[in-house]
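Working notes, beginning with the structure itself.
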Amino acid sequence: MTSVKNLKGIVPPIITPLKDIDTLDVDGLEKLVEHILAGGVSGLFVLGTTGEFSSLSYRLRNELVERVCKQVAGRVPVLVGVTDTSIIESENLARKAADFGAAAVVAAPPYYYATGQPELVEYFEKLADRMPLPLYLYNMPMHTKVMLEPKTVLKISENPKVVGLKDSSANMAYFRLLQYTMKGHPDFQLFVGPEEMMADAVVLGADGGVNGGANMFPRLYVDLYQAAVARDFDKIHALQEKVLAVSSAIYTVGKYGSSYLKGLKCALSVMGVCDDFMADPFNRFRKEEREKIEQGLESLNWKSLI
Amino acid sequence: MTSVKNLKGIVPPIITPLKDIDTLDVDGLEKLVEHILAGGVSGLFVLGTTGEFSSLSYRLRNELVERVCKQVAGRVPVLVGVTDTSIIESENLARKAADFGAAAVVAAPPYYYATGQPELVEYFEKLADRMPLPLYLYNMPMHTKVMLEPKTVLKISENPKVVGLKDSSANMAYFRLLQYTMKGHPDFQLFVGPEEMMADAVVLGADGGVNGGANMFPRLYVDLYQAAVARDFDKIHALQEKVLAVSSAIYTVGKYGSSYLKGLKCALSVMGVCDDFMADPFNRFRKEEREKIEQGLESLNWKSLI
Amino acid sequence: MTSVKNLKGIVPPIITPLKDIDTLDVDGLEKLVEHILAGGVSGLFVLGTTGEFSSLSYRLRNELVERVCKQVAGRVPVLVGVTDTSIIESENLARKAADFGAAAVVAAPPYYYATGQPELVEYFEKLADRMPLPLYLYNMPMHTKVMLEPKTVLKISENPKVVGLKDSSANMAYFRLLQYTMKGHPDFQLFVGPEEMMADAVVLGADGGVNGGANMFPRLYVDLYQAAVARDFDKIHALQEKVLAVSSAIYTVGKYGSSYLKGLKCALSVMGVCDDFMADPFNRFRKEEREKIEQGLESLNWKSLI
Amino acid sequence: MTSVKNLKGIVPPIITPLKDIDTLDVDGLEKLVEHILAGGVSGLFVLGTTGEFSSLSYRLRNELVERVCKQVAGRVPVLVGVTDTSIIESENLARKAADFGAAAVVAAPPYYYATGQPELVEYFEKLADRMPLPLYLYNMPMHTKVMLEPKTVLKISENPKVVGLKDSSANMAYFRLLQYTMKGHPDFQLFVGPEEMMADAVVLGADGGVNGGANMFPRLYVDLYQAAVARDFDKIHALQEKVLAVSSAIYTVGKYGSSYLKGLKCALSVMGVCDDFMADPFNRFRKEEREKIEQGLESLNWKSLI
């Protein structure tokens, strides 16, 4: 049950409910996890970009992983983000995650220095060797300033610990070339980040989506995933319309860059799931933006989406 | 026949066959046009990024448009790129294109200064008013340093002369949000540039592809388009595999940036279609790279793709 | 007099006074030229970034060059921007400029496609060969997406037609490395664009400044240049303070990107020198921003700066 | 002695000598510190970009700070980099640094998410409040994807704990505008990172340089600083020539991005100061590049520079 072998479907990157910069909103976290699991998701991804991983202390990261693993208790596999600029800290995070019962780890390239493709190959080979769990690569060029090129992924994937990749580039030409490059490795899993293109990715062969909106409406994304697998285009169109409506209503308030994160967390607060406190350098929406999120949720008739 | 009303399918962005920096390879051009038309394409796009428009003198651009329009003679609509940093020069190009019998024009944002979204709205409103032909927008952030955001496109599209958009961003999340934003305008046409994601785009609703590879193998892209329209997934998979093989073999030789353009033109030369002279600031491949293209074409069993 | 041999000092990049998108403000232009010449400048640079070159029709560009050359009538050398994405159009502009009596031309890298350093070497070698006048290189990475690396400049400078470089990168580490790389070519002239660092550049060896603020207050920049040459630090400090006050007051109104250009043109209009019409894709400041420029000029006690 | 009040001069950002990814080269570190102190520097900056801070475990960072503080023993102030994406981890680092006897801390913006200027103001206000030591801001747009705009710095500097800024942008126009913006705060210290422009910065008013080359040749940079303070231009020219020769010979081997770091560490190894092991994602130079560094050092007649 908690293995990532043949993992498919929706694996939400969960937000991190906080009471303040170094205190989990424990009640909110519990609610959130049950809220998401009730939607039929295939796994949980903790400490991703959506989870504000980089803004959190290591102490809190470990506490979060422990709590989520305990609560999930094997119902679905828990994937843990160990992206770090220090390979040693990635290992520290991963060892604890393994102890707590996580099923796999996920790592983007180090994100302070700019790196070249050969450096990435070596980096991920070393990282994989240090990991006590299966490793997913995480392509996130917006934040890491580098693309994991298909040939780079192919080389890294020779390490049997590397089991898949989550692509958040939104670049579908890249995604298809990557799929083509990896065609000799049918077990290598490919997940896609941006929910607006999840159905596209799945219809022509992705294994699933790691979609932030599934924090709010897990069932919607699971249904869309299943419609995409079934190639039921009437259903895809109807559900995709709703997914795009969510994007348009919730992720476009405030300034670009953090509007996705802030809108998502604010919406979960409005929905009564958890606190919307954000870790520095971000701040929760103020009254004016929150009202726009409230209106957005209303326009979505959000209770119908759960 | 030469109207762009309800234009759908493959509209190849044709390369510009040159003998030297200011001389068309007239024979090559004629061969190329017939080669492409024989593949069943729905239109031709002259003077796009693939056509090295910005590197060519205005004299040559006009000669090219005149020759192509004459040769095509109404068999399919000819779309002409009028992207320029000067709105007056765009108008000059467009007026001649209209005289020669072109069906529509295509324009990306001005590409020297960085522009904001409100500036783009005004710019395209003014541009459209000056155009004697229907206008397609051209989203090409890699070269213009700006995205045509969905709300910007929606505003610009209020001008009835603006009939569609070609998106070369490769960003599928953007493409779906754009489609969603434009859903009240079902006649607004959406084409996608990168051929690696053309089938994806069409399966869930794009009108077609403006794919460079169709210079070489027009029938392949037309077949893939039709398979995508028909949602014949066995066919899609088989053809997409070939399209991705073309990308991998032909567009990855030499340094990134111009490798697509140089590889494409070199391949057409190897295939005996036209000269591979490139306008400054680019140069044709030298012997070593040309040999790689020859091997790439052989590995594709290229004659089978025509 | 009109040779650029040993050119030193302030060479203002003049704005292009317009009545509408394709009509020069002829009176304004005449006033502007005399206003600038009265300040003791060493030359005029027409059709640079500050001159909105890329937004203007070629017809208007030629008219502008002709008028400026006629009016200046050899009092100082006129440098003409021939930056273009087409090497043929650069040549067309340069030939007319030579006919009109310009002293030199100035060219940045082509700015649509991204280019590599070896491509830039070949490009500028070919461009120089086509030029009927001495050629200045123009490093402008913000708009052209590429730096002219020192070794690239060294190679290009082997062509005797290449006489200097204007650096608008604002990168002083680059500028000093360039100077070091060119130390075997003492005649190669180095000018700096950003006026905020002109004194710095000159104190340790630059030949002068191509500073937009000299459209408004030519004498101020000439005085600062001379103080820098004389290493009169009391004067430098006093004048630099004013230059920085101009920057802060005039170039920071409105949105980043075009705020420098819009502020400069608006200020010249407020000062009664010429019209502030801007070529697409820009627009003149509206009332609110204009009032801020008025206040800025007042705070500068601007009449004292002329 | 260990206060940063009125700190001026050269404060080298020391490299971190390593035996392997999580083991300090203790002997090398001791040699390095004495080698640098013997050059007459005004302070040491530990855990900067040059120190590979982001690649190191927190355990090793703390060990490094403890060892350096102990060894320096008050001879000069030790500044400690606490740049982090988590404000809590910055605080953890800073508290230990204070315990070990560091004089100040240095922090760049968080570098995973993109941040806006108002977010930076709030972030640094909160960070400063958590710091047990005076705080220097660190402008490093290449790695953090954001500039600390002058008005942002002015607002942050209202917090009395914020005592200065190190600018590694290489943008001299920015540096002068910042200086102008801060002119009401004469005690606010401004240091410049790129050694190629240190003399420039100091001649017109910077407080000093944080220059990587001072790991190799501390006396050279101290002498150049003093010549700049004294405005002794013959000396400046002679010394600057050597500084630029160092840059050209040592920082340009291998691929851009990490060539500065790798070259610097390799040179120190060739000079017999310490190990050149590099923390992931980088690797020490191989034989071929090392030979180029050896030749570079020879061409500099490096023993004469110590």
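Things to note:
As written, the chain order gives the labels A, B, C and D, with residue 1 at the start of each chain.
The rule we apply is simple: a residue touches a chain if its C-beta (ideal position, glycine included) is under 8 Å from a C-beta of that chain, and two chains touch if they have at least 3 such contacts.
Predicted model only: the values in this text are computed from it and were never measured.
Across A-B and A-D, it is A-D that has more C-beta pairs touching. In this assembly, the C-alpha centroid of subunit A lies 48 Å from the C-alpha centroid of subunit C.
Centre-to-centre separation of subunit A and subunit D, using mean CA positions: 36 Å. Residue positions of subunit D touching 2 or more other chains: none.
Screening every pair of chains for touch gives A-B, A-D, B-C, C-D. Every residue of subunit A that touches subunit B in the complex is listed here, in rising order: 170-177, 180-181, 194-197, 199-201, 203-204, 231, 233, 236-237, 240-241, 244-245, 247-248. Of all residues in subunit A, those touching subunit D in their complex are 21-22, 49, 54-60, 85-89, 92, 109-116, 119-120, 122-123, 126-127, 142-143, 145, 255, 257-258, 261, 279-283.
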